[in-house]
Each structure stands twice: as structure tokens, then as C-alpha cells.
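You will see two complexes here that share subunit A, one where it goes with subunit B and one where it goes with subunit C.
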Partner chain A sequence: MAILLSRRSNLLAVVVLLLCQLFLYATVSSSGSVLKQGGGEEFSEELLLKPFPDRKVLAHFHFQSRAPHSSSHGRHHHLFPKAIAQLVKKFRVKEMELSFTQGRWRYEQWGGFDPLSSNNAKPPGVELWAVFDVPQSLVDVYWRNLTHTLSGLFCASINFLESSTTYSAPELTFKPSFGNLRYGTLPREAVCTENLTPWLKLLPCRDKAGLSALMDRPSIYRGFYHSQRLRLTSSESGSDEVDSGIGLDQTLTVVLQPSSWRTGKTYSVETNIQPSWSISSIFGRNIPGKCVIAKSSNVYLQLDNGLVGELKNLERENAKYVANTFESEGFQSNHAFKISVTPDKVFEEVDNLHGKSTSVIYGFSVEKYSDSQPFDLGLTWKIPVVWSCQQAPLHASRFLMGSGNERGAIAISLEPTESSEGLPTSHIIDGRCELRVDIFQVVPWYIKVYFHTLQVFVDKQPRAMADVVDKIRVSPSKDKVSPGVMEMILKLPCGSKSAAFSLEFDKGFLHIDEYPPDANQGFDIPSALISFPSFNARMNFSEDEFLNNSPILSKFQHALQRHHHYMHSICIVFWIIAQCASEAC
Partner chain B sequence: MSEISPEVPDNRQDAPSHVDPNSTRITKPGVKRLVLTLSVLFSLVLGFPFLWKSVEIYRSSLPFGEISEMESNPSLSFPCRFQAVFINFNSNPSPNHLQLSILDKITELTSNSSQCGACANDLALSVTVDSISSCTQTHPTDNSNYYRCGAISAVDFDFSNDDDDGVDELLESVLGVKNVYSVVVVNGGGEGIRAVVGKYRHAWIVGSVEEEEEESVLVSRVAEIFVKMFVNGGTENGLIHGEFMPVGADRRIVLSFNLLNAEPNDWVYDWDFQRVDETLLAPIIKVLGPIANISVESQVLYHTPKSSFSYWDEKWKSYIFSTKDLPFFVNSNEWHLDTSIAAGGRSKILQFVVYVPSAKECPLSLLLPTGEISKTNGFISPMWGGVVVWNPPGCLNSETNHPSRHTMSREDLQAVFEVFMGQFRQLFGLKSNNLYIGASGTYHLLPSGKGFTEWELDVLSRQFACFNLHSCATTLGSLSRLVQSLPRMIIMDEIGKLVQFSLEAAKLAQSNASLGDNESSAGQARSLAEDAFFHPSIMSISYYSFEHCFAIYSPFFLPVSMHVLLAALREWKRYKQEKAKYTAWKAKVKVES
Partner chain C sequence: MLADDMACNARNKYPAQVFNNENHKLNLYGDNVEVDYHGYEVTVENFLRVLTGRHEAAVPRSKRLLSDEGSHILLYMTGHGGDEFLKFQDSEELQSHDLADAVKQMKEKHRFKELLIMVDTCQAATLFSQLHSPGVLAIGSSMKGENSYSHHLDSDVGVSVVDRFTFYTLAFFEKLNMYDNASLSSLFTSYNPTLLMSTTYYRTDLYQRKLEEVSVTNFFGSVMETIHTDSAYRTTHSRKTSETKMPLQESVKHDERRQLINSNVQDQTSDTKIEDKQCPFTRRWNAFQDKLEKIERIDSLVNYGFIIMFPLLLIIMFPLLLISTWLLPTFVS
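This part shows the complex of A and B:
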């Protein structure tokens, strides 16, 4: 089944690829007929592993359930979780995404431009957005009911998003919407196993079998980043034959530190040798075969383009000494690293936007493994490799300015990343080279932002707002009613070295019962969202039937989502002004 | 320190050098300072009742008396209309005599049960003796609904053969009247007495009656059918199980059917539930429409082992779990049956579970305490639902290591759902078999194709009204106990209103029931009572304690009142001291003069 894609034998590869396509098509269609019994409902599971430059490993689980649209829609279920189907039906949810995140995605080290990071990096705490298929006047009611239901379903305080002070309705920057989108975050929400267990309950095999059996709680929560996500899309029948029905994508993204580095003998000598790891060393468990009900069950190992480029450089250097090149063996065993299991498939990115190096993905099917012969993928490094992940076009940071407990300012600064000198020249409109950047910021009402104080600096020079801001939508906060929302579409001139924005604010007075528990920690301002709509974070693979059946890879390929980048929440400290608590006082 | 004391100018004015200012005083001490401090203290004390009044918590007054009255007797009494028709009686017993003896029997049977739903107060019985020669009838006040003479003789039916369904349909065409329960007693046919309860609101007894004693047997049987069947619904131990009525306050039931594959690595079973829903469940849901609004949903779950153990028994050639294991059979950790989101707030969910055992414990059978294997291989848990263990066909000899997918065959599904139907009836407190053994003989119950017979539905609807009223009374009772036990709990006006409305609805239900209407007032009373009990304002600050109040006000008033009190005390002391000095000096002057 293994296909070795190599540049030398392109012709051979194409032939093998074709054969393989046929074979795969046959297996898929035969399994499809079996699955017809399940009312057309499907489930597939995948796991992507990826080494990071900073000696950590990313594990990205993706579980996909699909239910076709039928007359018994939302009543009789075979694979698809009943709770979710009922939720979609009851609250007329068109699209919804809920994420629970602990830790921060390190955009500099872990990348900020590939589809994986731009789709799966989420702000700390809980983020929920939903699009409803109801008239605009009813959206708020449905949102409130939805938050309560989700709160019960996931054992989290999502019901705090019910209050109109916590959610907003972005129109310009977040997603194209027609007033039926609501967005809310709880930056302070702690995420732990009590949220994971109900999430696992939505999987047909839970964590009893299949890839999810890897989710050993202590290993998962020991990581540096943990994001558990649930994304729903539903469409009425008739619009599109393929997509009609409900789709549920559940992903769990964890960044873990392989433990082998501690025992490594080269600890002090070669600090930059990557730690060798295997699935069992990271998670403390093996994969005991696939979930029986799953249509497909695959594990992928991705080497990103920076790493592949670096390996190729090393290869070229070593070419004179070592006869066998890694290209002929398709990377899997070469002078730099060794993969313990022979991959079933190798995907190479065909053409990147930057055109230089391309990333490689090894695919492993878990179907043939069982309890007695578990699947355990290992990666052993032989030589030290240093590389860096692909960066977002701009590095964004947000901070607080000012001192004292009365007023301050929020500043957002954008700087080009090291990879690109100056702003990347992507869009040339009317002879002017411009970069479009969208900023979406929600501020709680007790941070009273004065929007008229918005100042713009480009290359450290103050600029008139009209020069840089293409569109702006501001909805000022109302005390104890609604938060302040600012959406901006910026057109930054190419080649600028920096851009910064600042907004002044006053801190409002709070009633004693408006303070959160542990108020001395301060208040978190929700994460701001920066997106670069003119950049598409996607990867191109040679057309393959297999790709369309793989949720992760097809996401990589077809995701034409905007490139999202979260700025992490910042914390503001308030003095507690004690006021009388009870109306009886 | 610009203290202006009254004695200073006095001392300055005429301070005789021989007078010691520490022990004697020659002027009258002034009262200005004392009056000032006392007036401040006095106004503070005067203000205290105002403060006390203003921090008083609001308590809407609840009608505790009415609630406890309601709680002590939450009963409904429905009117009962009975008729007994005696056909082909040669000896021509007098209908008045029969009526009296049946009524005696009925009162004898109902005397020991005074529960809700009984018809002790409003009972009417009509007896007709219809023979070829003559027809005599006793009439209660209204005669329009009762049996017309000769109607059964006219159709000329042979009751002695075994075509029960035919008889049932025939009697329905003759007697079919709502609200009246009939028993037809036919003299003739074979030996012995055979009693059958039909699908509608009537029963018949066929037997040859020659002697007086046999007539009294018939009378007691007629009375028993009226009381035990038509009023009590054939339940063994008396009347309604008040707490076991699986219908939500909003009259909704969600039937959640679950197919549990204990170990999908052995085999995976699926079902075509859509068809079951349409063919088997839809008629039942329609029939139960007047009592409850039923919706159905289903799911298939995997990796759901049971949590009790089973052992291999060579005698039965199967794995055995006994009735002792039943409390542990339902594995609430692994069986995530879920409460339904589709079900609104107060709907009742009944779970029905088909358990497909794993290869390690297949076939799995339930051993009854009698030492036999259960035929249905299932059990119920009141107010929760039912479980049926379904052993996949040929699970003993299958040696497949490869997991395979199957669909339950139609016959298997049919069998399982017949068991579920019985369980569903049991959950409502009805009998699941078609034989009732009473004190004076056995009765055959004709099963209805729709799951519930009409007289059973009548019983259920009365039972539901009783259940609602009972639950309303207990909810209000616990609310009133809670409120009385926490004297400083805030009670909003809305709660008071809800309680009042709930009581009114309950009273309305009681008066409507005696008019024969067992409709929704009781349900309304129940949901209003629950609204009051679960009102958010009760949840938020349930107990605004005195300590809490003190903690809030003491920082404001303690420092101020302390100073005022101390100042007043000091002034009082000083005044007394000065007064003593002055009187002493005065006395001295008097003595000297």
C-alpha cells in the first residue's frame, strides 16, 4: 500500500498512485455499503503528530461524525450523538464552535501560518460562537438557551455567556454574517477533565477503543497547550447533496513535551538534538486498534516545510559522504531520523505559496492493529536539527499602558515577522501596495473605552485614521448591559516596519456582586482577534481520493478560512469598591 | 478643646480662695451639655425602630392553613356510573334486590380503600333483568345513557362460544356509551362461570345459574369487576401508586430507546428503528394521546458493559444473572443514556434499553427467584424505564474473531417490543398479563391491539389527575415547611401569587372531578406549585440571616453609637458628681449659717 513519492521516479509514482486510488476507492465503497445500515451516519477518527522546533510534540486528534438529513432527523440515531442532533434541531444552529483551551499557543515557536495553527489555536478559556437560522429578533433568545444547554452538556460555566454583557454580535471581521452570529468568551474558565469526559461521550467509542484510547488524562493535562474543540455545521436538505445534514468535528490539540529528553545522554553536549519519542512515551499508552464503528482510523506524522528544508540542506551537505539519499527512501529512514513503523502513504505538499520547501505527511492506517499488536509510532532523531515554523505575516501583541487605578490605555502593536522583511507585498490595489488586516476586539463594559482616543502609528509616526483604517465599526459599551465592540479593517502600506494602535479607557465602578470570585487576580479582557483575509492558510497535495476521506487532510487542503490569530487575554486589576450587597440593606 | 463648661465662668467670677474646686461647688451645675448629649442619644434610640423597620425583610404571606389542609387530604372523587344487565334469567330475580346486594358488595370492597380516585360519594348503579318474557330495570336519576331493554336479545348472539373479540365488538355496538361501565351477565352456556373483561368499558359473565347461592356468587363477581377492574384498573394492591406516574407536569413523556452493544469488538448490532416507530409505536402513542403527549427517540450506544456479574450455569446452558443483581445491572457510568435535550423542562423521560451482551457472557438470562428463567429476560425500574437483554442469534457457536455488523431482524425487534409494551404498561401500574385472579374467581382480560384498553385509559387519566394533585399538595407542603423553618427568608410576591393560584387550581380540580371532568386543572396546580417551589428568588438568597444583617450595619452604626452612648454616660456621671458637690456645699453653707 505504501507509495513512495520521489522526484526521480515521477512516472512510476503516478502509476502506483492510480492503482492505489482504485484500491482505496474499492475499499471505501464496500465499507460504505456496510455503513448504510447505520442510517447513513458516519464516523472517522484521525490523529496528527508533529514535532515542533522547541523540542515539543503536537498531537492533534480529529473526530468527525456526519449525519445525513432525513425525515427522522434528530430522533433516531445510530452513530451520531443524540444530544448534539437534538441541540441543533432545538436551537436551529446553523454553525457553532465551542472551544476549551488551557495555555497559550506560542505563535513564534509553533507556527502561525499553517492551516493547523490558524484553525486550532484558540484563546485561553472558553470561546463560543454560533450562527442561528432564526429571525434576527429571536437570535438572542436562542443564544441564551444554547449557552445554558451547552453549560449542562459540558459541565462548564458557559451559562455566564447568557448575560448580554458577555457576548457580542460581530459583523465585519469575524465571519461573514447577517446579524445572526453571536460571539462570546470566558477568558478565566479553567479547563479540566470534567469538560473532557462529556466531550468524549459524544464519540461512539468514547475513550474505550480507537485513537481516543490514547487520552490518558495525566499525560494530556501535563502539556503546554490543551485545546478541546467542537464544531458543528448543519444545513437543510436540498441546498447541497453532499453537505446536507449535520457535521460534527471534534478536535483535541495538545502540545506535549516528550519525556525522553531527561534521560538523554546528550543532555549537555548537544542541547539542540531533538528528543526521540514514541506514542507510548508521550501518552503512556498505545493505540489498541481502531474504533470498530469508525469508517477510517488514521495516524499522520507531519514534518513541516521548515524542517523538510533543513533536512534537505543537511542531505545535500552529507551527500558526498553518504551514498543512500533519503529521497529514494521517502524520508522514513535516513541519516537524520527514523520512523519505527513503515508508513502506508506519504503525502508531499505540491506547491506552497512560497515555493521553496514543502512539508511531508506520513499516513498510517490503524485498521490492521489490535489489542495484541498495538500501534506504536516512534520517531528517533539521529542528528541535531534546528528549524523554525512558518510565521504569520505580522506579529501582533497587545498590552496595557498607563498606571494607577483610574485610567489606562490598551495598545495593539503589529510588527512584521522575521521571515518577511517589511510587510509582505501581497495585494496591489490602484498601484498602492497594501496589506489588509482585520482586528476584532471585545471589551467588557467596566473598561470604559473612549473610542475617540484611537490613535494610529505607522512606523512610529502618528497617522490620520482615514489613511490606515479602511472600515471601522464600533458599538460602545452600555453600563451593565452590553460590552464594547470594535471591529476594524486596516489597510497597512507595504514595507512599514511597525504599526500600533492605542485606545484610552477608564475603569468603571463595580457593585460588590459583580466581582468574580478571586477578584484580586484581576479581570481578563477577552482575546482580540487579528486576521489576514488576503492570506490563505492552506496546503496543496496532489489530488487523491484518500485526501477527501481524511478530515484532517481535507481541512488542510480545502480550508479557505481566513487566517486567524488570537492575541491572548490581558489582565486588569481593579480595586474592590465595597458596596452594599443586598437589596434589603 | 474649646470646652465651655458652665462652672468655668462661675469659678472665675467669684472664686473664693478658701473654696477647693475639687470637692466643693458653689453654683448650680448646668444641664446644657447633658441635655445636648442626651438628646443626641435619644434621637438615635428613636431612629432605631425606623432602621429596624427599613431593614425588615419582605415576606409575602402564604396561606399556611390552606396548604396543610390540602396536604392532609389531597383527594379527588370521581362519579361512577355502573350498570349490570342480567340476561336469560328464568327465575326472574327482582332488579331492586340485585341492585341492593351489588351495592352492598361494592361498598364492602371499597370500604378498606379511601385513596384518591375512589367513587365512594357519587355512585350510581342501574340493574336490568332482561329475559324473553319480561324486562325490568331500576333507574338512577338520569336514564338516557343506560341500557335499552331487549337490545342484546335482539342481536341474538351466542355467548357460549369462545369468540371473545366478537362478543366484545357486539357489546360495544349495543352498549357503547361513554362514562358508563357495564357488566352483562348471561345465563346459559356450558358448565362453570367464565368472566371476561373487554377492550371497551364492559365485561361479561357467562354461566348457568340455577340456584340462589350461585346468584350471590354472580353478584360478588359483578361487584368485583366494577371495583377492581373499572375503578382500580386491575392493580393488585388497591389503588393508585401516587408517586409512580411517569408523566411530566407538562403532560409529556419522552420514550428514549437505546440499543446497547456491550462489546462492539465481538459484534455490532443496529436496528431499523424508524420502521418500529411507524408500525409499532405510533398506534400506542395515538391511543395515549388524551393522557400524555409522547415523543420517541432512539440511539445506539457502544462499549456499554453491564456493571453486575453473571456466571455460567450448565443446567440452563447460559450465563445467569439473578434478581439480586438487578440493582447493579444498569451501569450509570458507562451507559450514557442522557436526559434528552428535546424534552422540555418538566417532561418525563422513560429509558428503554436493549442490552446486547458480549461474546463472553452470551447467552445471558435472568433467573427468577422461583428458579426459572425469565421468559421476557427483562426488568423494569419504576419511573426510570425498562431493560431487555437480547441475546444475538447463534452466539454460542459463533467463533468469529472479526467484529461483524448486523441488523436486528424484524421478528426479533417485534419480540423485544412486545416485552417493552408490557414493561410500559407496568410502569403505568397496569397488569402486563391477561389474567386477573380476584377474590371470587379469575377474569380474562382481552388485550387491546393498541396496548391500552379504554377502561384502562380511564383509570390512567383519573390516576394522573390524582397524581398531579398529590404532587401539588406535597410540593406546597414542603414549600410551606421550608418557609416556616427559615423566618428570615425573603419571599417575593410572585411566590405568594403562585401558591395562591396553585391552591385555586387544585380546588377547581377537586370540584371539577366530582362533575366527571378529570382534565388539566390538577396538572396546572402541580406546575404552579413547582413554579413556586423552584422560583429563582428562593434559590438566590435563601437565608438573609441576622448575623449577615449585623455584619452589614455594625461598621456604620457601631462607632457612632458607641461614642454617643459613652458621651451621654460621661455627661451623666459628671452632672451627678457636680450636683453632689453643689449639694454638699449647700449643706455646708446651711450648717455654717
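This part shows the complex of A and C:
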């Protein structure tokens, strides 16, 4: 009996030991697997290239990072930048967009209707807007602290937006936010390498690998327009949205001119042909493979619908080139252009509401390229092609009227472009065809606007305000406290040839220390924002399931309902009038 | 603090590039530059706030000078200046007594141990004439009544790209090897008044140490010698090959190591004499410890230990497993 017992205890001990070992292995392997998964964070990078009709090329980088909600993941981040996650948590940011831009987006040549220009044409300088998840009384305090933190993070003077003379709270023309939205711009802020450096540090691969390795600083800042943008969305867990957590979209939009001497073409023969370019000729570098941590890494080449229509027309005219048509599979050798790499996927836009030709996007995957075999995409034009990009429904411009140091007037003029000829029938409301236009304008306090002098002209005839203006919200400026905000929702009759508004103002008196050090340059009035809510800047593609994984293309599909059309800021020159008020002068 | 945006200025023919020489060999603006205060933020008030640390609560850490009582600070100022002032932004000036007061506050709040102020403006030496805090060293490019001049004009960019004082300071550093031990006095005496077209002047009355003993890396950033390894734990790469690459300055340490080894040998010989008197266990334990101390590659030993452990475990567990599987059926039956 005793021997049996000892054997049993021996057996039990061995079994327990084995179980312990198994348990140990199980825990080790599970923790290892959790570490490998990365906690559900994702990162993807994309680049979109697009030729413009005025011999320039657009390069649009899009980096998207997603992190699931933090309560389930503590404070460990694998791909997502910790600085942003801490910012979202500390300032209870629900949505935020910060953009640094230099240059002006030329709507006439570069288009105003496609999703890219709607989302990425930004006013020059710094623009920041944020929606907070705090009670309305605390929003201003949180806004101030946010501006300071962002100025430290991005090496910019965003802290100037803390003073109430620089920011405003739009309600009508921006997204609905119930008073928790603050909007501010710094039109004169210079954007340079020091703003790009921390922006790139938020990416998991920095600028060492993947698409961000293309960013040659002199090439970017030599462009005609460059805009780096950061868009944050944060949603609470338990909400209805599929992707709760923090989403970070970083985009860099650059318009570059490929230099003709680099491609070695002689000037006299090829004056009408668009310059041929390649990634290495416009950036000076190739793509050395993808960022290993990225879920997907793609390059797209977009030919917009104006260009596709023009190519098809040219084909029809030159019937002898029927063998190599645009629609056939020989994309690489076409009669009009040649692409140096075979595309992996081709997307064609479908159901274009405007009945014109559809745009085409070629997709290239960077996965199979590496350091030894870098990716370089080139486009060579064979024949001269002239086309125009699709314009926004109305062309808006803003200018100053009057002269002298005492008073003046701001005028906004809206003129239709050719795309407004075929307006969709959804605009017909109550039997009248109307075009809805939203205008949002902020002027600094020293431009003392008299809102009662607002005059409306339609087809160069003065009209009553009630005819054209549906809603208007005005927040008059207070000297040295708050700027003047004007938000207008207009309903213009469809057949109108032009519309204009004018608003008179007095120039306020500034003390000598309120002038900036370079006062002779004048003051910049921030850009106004014009939206067309009834138009969809949306592109639908035939292959849907692939597109949901691609940030750029899914943005094209679910584009904002409204176009944002920024007018450039006006510069007003104030002459310094120093007055001695006391005998001590 | 950069007041003007030079690199991305619309008038700059070379965007995002700032050169200090007309040969355009070195782009000072680089790829990873970060500027904390630029544009309209460069004011005398912000400068004094940075020095004294008296910021508003919301100011982020990257815009503060996070120094303590052991810090060595280099303060380099250049621009337009004159008798007892430095011009900021064409609209205000920093005066010498303001600077002296700020440095005094810094010293009282223990915000630095040593401070080097270099000024490259006209009549630069007057800017630090009012300083009276200990631990401060200052050098200016010109004395009262003298101008400081630029070195050369880059006709491609269209502006003068470097001043004479800065140019010769850079030339001094470029002549140095990375591991040279140049002293501050060699830097301060390297300036030639004929080449500079002005007389440099430096103050050492507030600085306790002798300039000949202070190396330039005290203020101008230091370089640590790093040995690059391919993997975290090396089992085959011997240290001897890396030792031969060490430059002459490290030979001192080499000798020291040899001496240590010698002393170990001596200890061993002494130990052997005592050995006979000790009991076998302590003798073996001491020998084991000596062997452990002699092992230079402890990491490889640990690796070997791990590698040996697993087969050992298996060997130990195997009979147990056998026994259990053999016992169990017999027991059950």
C-alpha cells in the first residue's frame, strides 16, 4: 500500500510538473502572439500622381494610421504616434485638422471639382480647426492649450491662435458642431523644413523607408503649391461606427513642374508636348521599397476625365491608330503616352453624373520592389494633348475696393464656369432652379466691417438681400477682442451670369506696437471659404472591395458633400500713423 | 530662434537650402532641422523668457530651456548690433543690462553651471560688458567702435552667406579631428584681427577654470566613441580587432587594462601560496571565482548555459516521463 501511494504521489508530481510546463509555454506563446499582432493598429501609405494641363504634375502623399480605442490597449502604441494619442486624450479632441500651405491652388488650371482639390486645396499659411468633446464653456480654454501644444509639436507659431482676435466659431457653413468648433488661420506663416520634420516623425517609417523616402526637401519646396495636412478623428468606443478609436490621416500635396532639361528634350520641337516626367526626375530619388510596417503601399497615376475624353477624341480622329487604342489592354504603349511600368490594377470611374468621360486610375503596388530594385514610374508624352480639368460650379474671387487709409470695401465676385451649364435636376426646389452657395469669411478686428452696407448684385443689377440670401449669421468684431465673422447661405438662380457682394469697412487705428516688425508688407486678411453643398465631389469606381483598403480611393468615393473653394487672402497695407497723444512724446 | 525665413523664402533661388559658403557644399538647413521660435515669435521678451524659464503654463517643453545646475549652455547671437545692444527684428533691441540681469537670474535659479556667449555683431564686446555672474565666458567678434564684416558674397544666391567671425570659427572646428582635445584658449586665440578686420575680445574674469584646461567639447557638443556591433550578443567577434582600431588617445586605457591583468596574475600567484592552507572546498570555490572573473565574454557563457540547459532538461525529464507512462498503465491495471 505504501509503495502504491508513493508511486501515486510520484505520478501526481510528474503530472503537475508537466501541466505547469504546458501552462508556461501557453502563456509565453500567447504573449508573443499579442506582441506580434501589434494591437490592431494599422498603417498604410499611398501616392497619387496626376498630370495637369499646364505642364505641371501633382504628387499627393497619403499616410493613414489607425489605432483602436485606448481603454483596451493601455498606453502602448506600436505604429500610432504617441504624441498624437496623448494630444487627443488630453484635450478631448473629437476632430481636428491642421494644414500648412504655401502657394495658391489654381482652380482654373488644376480643377476645382474633383475630390482631391476639394479636400486638399488649402489657404496659405496655417489653418487649424478643432471640435472638442467638452462643455461649451471650456472649449476656449482647451483651444488655447491645444494651440500651444501644437506649436511645440510642429515648430510653428500656432500659439498665436490662442488670442481671441484670431479664432472664431463658425456654425452654419462648417460642419454642425453645436458650438464646440473653433477655427483659426495664420495667413502669413512661413512653412519650411522645420514643419515637415516633426510631421514626418509621426510616421512609423519616418522618412527612411517607403514612400516618404521620396521627400527630397528642395524638390518639395520648389513646387508651385505645397500643403501638408494632418487630420485627426477620434470616436468613443461603443459608438455605431465601425472603426472607433483614433484615426490619423497625414497628406502632403505638392504641385511640381518637371524640368524639361532633365528629360533631355529639345525645346523647339517639343513646345506643345507636355514634359515627360518620372518619379526620379521630379523628386531626384526612387522609391526604395515599401515601409515594412505598412499594411499596404501603393502608387496611383490618375488621368482625369478631361484628359481621358481628349484622348478618346484624338483616337477617333486618327482612326489609323485603332490597333493601339486607349481602351485596349496595351496601356503601356499608347499612341498618346507611355508609362514605364505596367500597372497592377486599373480603375475606371463609373456612373459619372455629368455625362462626360470617366477618369482612369492606374494602380501600382510597391510591395515587390526593394532597395536593389527601386520603383520608378515615368510618363512620356508622344503627341501634344490639350485638356482642361473639371471646374467648380462657380469661379470665386475676392478683392478690395477703394483707396486711402481710412476706408475701403471688400468685394466677392462669383462667375459661372463651363461646368455649370448642365446643372442636375436636384437643384430644382419648389419649381425654381437654385444653386446653393455657402460663404464663410473672417476679418480681423481692425477691418471694421459695416454689415448693413452689404450689397448684392446678380447679373450686375442690385438686388434685395432677401431674394438671394437664405440665411446669414454675423458676429460683429470687438476692438482688440474678437474678429468679425460672416456666414451666408445663398440661393442663386440657376441662369444667373454673375453674382457679386460688396461690404464696406473702415480701417481701424493701430498702436505702434500692434504693427508687426515688417509692417510695410501690410496685413493679410484670412481666406474666405466658399462651399457648394449641393454638388458631390465624388467618384465611383467599379471595383469596390479593393478600394475600401485604399485611403485615397475610398476618400474619392465617400468624398465630402461640399467643395471647399478657398479664396486667397488679401493684403491690406496700413500706413503707420503715429500720433503723439501726450506732451511726453 | 530664427527671425527671418531664409530657406523657404520666395526669393531664395535654392528652396529649403541655406549655404554657408559659395561652393554650396553644405546645406545648413538639412533634412531634419527643427526651429523652436521663428518669425514673429523671435522677440526680446521670448528670448528672456527662454533664458530665465519664466514661461506661461501652456508653453510646451520643446520651447523651454530645460537646463539645471549641471548644464553647460552655448548662447550664440548674430545679427545687427551696436554699443550695448543687439537688434531684434528691426523693431526692438536687447540691451546689455537686460542680458546681464537674465544671466543673473539664471545663476540664482541654478539654471546653468557654465555659459559661453558668442556674439557676432558690430561692437559685439559691449553686449556682455555688464555681466557679473560667475561661470560665464563670453567672446565677441569686435570691440567698441569696430564693425564686424561679412566674409564673402555669394553672387548666385545674391547675399553674403557668412560673417568673418563665424567663418573662422567654423574653419577652426573643421581643422580638428573628431577626437582632438583642443582647448578653448586655442579657439579664442585662433582669430586673426587682420583677417577678421576687427579685434575679437573675450572675458574670462567670471570664469574660474583656466581656458587652457577646458576643451571645446565643453560647449560645442561632444562625441562619444561608439563601437558598432552587428548583433546584440557576439560569440565569435573578438574584441582584439576592435582594439587595434582605437586611435592613439585610447592607448592610455590599453595600458591600464594590461596593468589590471598583471595584477590579477599577481593575485593568482599569491593565492596559490595561500591555497595549500585552505580546505579543498574553498580552494575549488576560489578557483571557480577566479575563472569567472577572467571570463571576458560573459554573454557567450550565458548563451552556452542556455543552450546546454534545454538538452539537460530533456534528459532529466525523459526518465520521469518514461516512468510515468510505464507506471500509469501498471497502476491502473
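Definition applied: the second predicted complex is superposed on the first by the 508 of 585 C-alpha atoms of A that agree within 3 Å, B and C clash if a C-alpha of one lies under 4 Å from a C-alpha of the other, contacts with A are read in each partner's own complex, and residues count from 1 in each chain.
Basically, contacts are C-beta pairs under 8 Å (C-beta built on N, C-alpha and C of every residue); 3 or more make two chains touch, one makes a residue touch a chain.
The model shown is predicted, which means the values in this text are computed figures rather than measured ones.
Undergrad: Which partner does A:Met401 contact after superposing on A: first (subunit B), second (subunit C), both, neither?
TA: In the superposed model, A:Met401 contacts neither subunit B nor subunit C.
Undergrad: First (subunit B), second (subunit C), both or neither: which does A:Val386 touch?
TA: neither
Undergrad: Touch test for A:Val474: subunit B only (first), subunit C only (second), both, or neither?
TA: In the superposition, A:Val474 contacts neither subunit B nor subunit C.
Undergrad: In the overlaid three-chain picture, which partner chain does A:Val350 touch, first (subunit B) or second (subunit C), both, or neither?
TA: Touch partners of A:Val350: none, neither subunit B nor subunit C.
Undergrad: Taking the superposition on A as described, I'd like to know which of subunit B and subunit C A:Leu138 touches: first, second, both or neither.
TA: Touch partners of A:Leu138: none, neither subunit B nor subunit C.
Undergrad: Now for A:Pro218: first (subunit B), second (subunit C), both, or neither, which partner does it touch?
TA: After superposing on A, A:Pro218 lies in contact with subunit C but is clear of subunit B.
Undergrad: Where does A:Phe160 make contact in the superposed view: on subunit B (first), on subunit C (second), on both, or on neither?
TA: In the superposition, A:Phe160 contacts subunit C only.
Undergrad: By the touch definition at the top of the document, which applies to A:Thr149: first (subunit B), second (subunit C), both, or neither?
TA: After superposition on chain A, A:Thr149 lies in contact with both partners, subunit B and subunit C.
Undergrad: Of the residues on subunit A, which ones does subunit B touch that subunit C also touches?
TA: Subunit A residues touching both partners: 149, 153.
Undergrad: State the interface residues of subunit C toward subunit A in the complex, per the touch definition above.
TA: 5, 7-9, 14-17, 29-36, 38-41, 56, 58-63, 89-91, 320-321, 323-324, 327-328, 331
Undergrad: Report the residues of subunit A in contact with subunit B in the complex, numbered from low to high.
TA: 34, 37-39, 71-72, 74-79, 82-83, 86-87, 89-90, 149, 153, 201, 204-206, 208-209, 292-293, 580-582, 584-585
Undergrad: Provide the residue numbers of subunit A that touch subunit C in the complex, in ascending order.
TA: 4, 7-8, 10-11, 14-15, 17, 102, 144-145, 148-149, 151-153, 155-157, 159-160, 162, 189-194, 197-198, 207, 217-218, 220-222, 516-518
Undergrad: In their shared complex, at which residues does subunit B touch subunit A?
TA: Contacts found on subunit B: 55-58, 264-265, 268, 270, 273-274, 277, 295-303, 336, 338, 340-342, 403, 405, 407, 490, 541, 544, 548-549, 552-553.
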